[in-house]
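What follows is a pair of complexes built around chain A, which joins chain B in one and chain C in the other.
Let's look at the complex of A and B:
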């Protein structure tokens, strides 16, 4: 009996210690590559959203759910991360349905250009944050590069053990309690780097989207239909990466065939009042706060007109929840403005994943 | 699937669970299936070669056994009719027939090995689509050892083809040995095994220790060794000494780590494999080193090549002739010298299809033979200074001398061009850059300061365990400690591997060095 008790105690202690180590070694993304937190933050938020955005940086940088709430009373959340691939978006959509059933899902189509997994670092930014579920395992399987293995996603210490020599104070400070960095999945950047040149996209040998990308877009369409959810396709107004006319035609055709609304916002920049010399923080890749607010305001109008979404600002309970979000949003706006004034750049809001990972 | 992979761990867990769940009489059948599954991961095309070896060995061994049986029956029946000379002549005739079958089988199997190994050397591998199958050197030696034993009548042939197939393909020893003897291995390989917690805990610990050596030490040192050998023009002098030192540790940690995983995996299944190392770096001479390093290959060469050559009729005749013309000293040495040169030449050839390995083998031979010739000199020294030879310092000197001598010879492994190796030997004495090595040079070899600290701690632990294992197995020692201390030790090693192991993305996972031989 005593031996059994010792064995059980030892096993429990060992598992606890390993769990602690795993948590310690996982990157915290608290001083750079904030994108690493986006997927994970969803689980701590309320789960009552009219609209769910899925996609890559063109949604988490360009769409502000706070604006949608303040202007239209639409509740929304962005389930997006850096270079999020179509199949990752699909599985995030599938997983989201376990928590809530939105009226509309908006998918940004830029990721259609990728037919294969691209980089392990991007996979990690999306997949590490997902809670363990069948959707996560399927997403991992669909995303893994040849040198990756499933087990390192299930037990990330097997991937991040090599950080032993890079551990910093941040890893201990945010071991159990990470601070929130996004506004319902929106990553705010209020600095500006204007677009200086708009080069033409280089010629491609083949403009057709890949089989794999279509397969998962089809699955997304089917999943939305089965659940009575409206799927909307958008191309965010980011200038880079280049969005080809041929790509646009394929998406427009697909939307038509499947009775989906597709809006390419690139040609609508003037209507949205977007000024690329002021409204982007990295020369056209992503909108800055001003650009995101303009784009979201316009998008909200389209959502309202096409999907009959109710203005829920009158719901006092919901309004209280969103008031906190608005306050956090306003605080960050001021904080960023203060940093811009003080340092001339955003000292504590880091650079985008692309700049660091590439 | 190589040992230091997640796939292997999963494979082993599934196998061990199934092994103790199924009826015990089917355990060996499961092992055969598992071994073939393991082997199939290296490419299904490889099966043809291992099947040829298995079937030819099985057929010829049975044929030789039948001849022996026929001989006994015939002699028993003709006891009265045959004279002593007739019986002797009949026996010789049967032996000659057996020998023909043996030689045919040896030629076929060593021929396959030679063709596949040397196709690369003659640059015809790709045109013929030949790839060296996994573990071919090991399973060929093991099966031919079995065949020679059956020929000699050491034991009877195995009649069950599947059992012989398991002996040849048993997965833990397939990649890099140890090379087993049939009469020893069959005792546990085909036996029925019940679940034994001691076997499980000892086996797991042995595997863990193997992973520690492979992942924490060998795969980390791999970077420094690779960097040094990648630029023979840049890295000379002290860097070569550092490379020799690192490679000595890397190779030891890699090979013994692999053998630990092999022995531990077999032990989980209740099967005992032979030890392949006995603290070789504590040897006081090269000859002793080779008795302690890769023991099963050494004894294979000794039993199946050295002795047969040195006591062969040809050698005895040669020795006789030499006695008449050159005297007793030469006559006594000649068979040993010739057999040694052949054995070491073959050992070199076995290690690789390039000249550096042949020179490596002959250099070992040269040092061993010169050492033997120097024995009278040593004896004189010890007679004159009897105290000096008994001191710990002298023994330490011998150990350090052997270590460095072997490290010099082993450098031939690293550079395919023999000339390059000799040029680099010379640089050790002509290029004086030791200060440069310690003033930042070590940090340019792909390892950080933190890596060197981990290495120092890990190698220190390995040395400590080695020293503690001289009198009694370290595992036995740990097992006799209170349960909490025991678990804490196991867990500490596990965590050390988990964190400091050079595995996964960011590290190039390396195959075991000996798996390429």
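Let's look at the complex of A and C:
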């Protein structure tokens, strides 16, 4: 009996030790590549959102949920991640429905250009942050490159153990408690790098979106319909990567056939008052804070007009929750302004749409 | 018992090794070569010596790389643009894109060549849909797009995970 107890204790301790090591070795994304935290942060949110955004950096860099709240009383969350592929957006949408049922889901269509998995590092930024669920497993299966294996996603220690020699103070400091980096999924950047040159779109052998991309967009449309959720398609006003007219026509046609609202915001820059010499932090790929606020203000009007979303600012309980978010937002604005003044660049906010996992 | 537990831990830790190494792409075989004024330009090779020989570009664009850590860069020269991707603190050539008919491939194909010229130069072993002729060699592809039996676009493209 005693021997059995000792054995059980040893097994439990070994499992706990491995769990600890796994947590220690996983990248924390606290001093760079902040977008690695976005998917995970959602689970700590209040999950009472009128609108959920899904998609790539063109949502998490360009849309400010705080503006939607302050201007329209719309609650929203961005379930965005770096180079989020269509099937990942679909499974994130599916997973979100386990927690809440928004009125509207907004999907940014740039990802339609990808028909197959692209890069493990990007898969990790989206999938590692998801809680274990059938949606996560399905998302992993849909996203894996040939050389990847499911087990390394289920037990990330198998992927990250080689980081043991590269551990830094950050890995210990944020082992159990990470600080929040986003504003309901929005990654703020208030610095400016104007658009100077933008490469023209190269001619492509084929402008048709791939079957796989269509398959998951279709699934998204059906999922929304089955759950009484409005699906809106957008092309965010980022001017690079190039958005081809041929792509735009396909999305517009799809939206028409499926009775969805699709808005390409690229030709609406003037109406939104977006000035690409001031409103982007990386030469046109992503909006900076000023650009995101302008775009969101315009987008909010469209959401309000088309989906009859209630202004919830009168709900005192909800207003109190959002007041905290607004304060965090304003604090970060100030902090970034101070960093700009002190260093001339955002020293602690160097979020870049990039990732290499060691 | 102790030995079994230690064994399990070691096996688990080692099991992920092979998967992890796949993230870094490996040096691959040389592919198609574009010659510009006697300067050989090969995708997936270090751009620095090429830039030295080419001289000052007409224009330049850079953007945070979506696939790699660092900047994707585009250099504009007369007749073509050259793009790079970063890896291990080095910029490698990711593509060469012809912008007009002042440049041609080493096999003599330029914007304006006929489909017959393309087939004669590169043969029938291509992929691609209607109006597209994609030839693969080593770690590069040569993408030729035609319209009305005439070449309208030529690109040398590096074949690298996450780039295409």
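In the analysis below, the second predicted complex is superposed on the first by the 353 of 358 C-alpha atoms of A that agree within 3 Å, B and C clash if a C-alpha of one lies under 4 Å from a C-alpha of the other, contacts with A are read in each partner's own complex, and residues count from 1 in each chain.
Throughout what follows, a residue touches a chain if its C-beta (ideal position, glycine included) is under 8 Å from a C-beta of that chain, and two chains touch if they have at least 3 such contacts.
Since the structure is predicted, the reported quantities are computational estimates derived from the model, not experimental observations.
Contact with both chain B and chain C is seen for A:148 once the two complexes are overlaid on the shared chain.
In the superposition on chain A, A:165 makes contact with chain B only, while chain C stays out of contact range. Once the two complexes are laid over each other on the shared chain, residue contacts for A:122 go to chain C alone; chain B is not touched.
After overlaying the two complexes on the shared chain, residue contacts for A:337 are found with neither chain B nor chain C. Which of chain B and chain C touches more residues of chain A: that partner is C.
Of the two partner chains placed around the shared chain by superposition, chain C is the only one that A:197 touches, whereas chain B remains out of contact.
In the superposition on chain A, A:157 contacts both chain B and chain C.
In the superposed model, A:12 makes contact with neither chain B nor chain C. Overlap of the chain B and chain C interfaces on chain A comprises residues 6, 10, 14, 17-18, 120, 147-149, 151-152, 157-159, 161-162.
Per the touch definition, chain C reaches chain A in the complex via residues 1-2, 5, 8-9, 12-13, 15-17, 19-20, 22-23, 59-70, 74, 76, 81, 83, 97, 128-132, 134, 143, 145, 152-153, 155, 161-162.
Residues 6-7, 10-11, 14, 17-18, 82-83, 118-122, 145, 147-149, 151-152, 155, 157-162, 196-199, 202-206, 240-241, 282-285, 352-357 of chain A are the ones touching chain C in the complex. Across the interface of their complex, chain B is touched by residues 3, 6, 10, 14, 17-18, 21, 25, 120, 147-149, 151-152, 157-159, 161-162, 164-165 of chain A. Of all the residues in chain B, the ones that touch chain A in their complex are 6, 448, 450-451, 483-484, 487, 491, 495, 498-501, 503-507.
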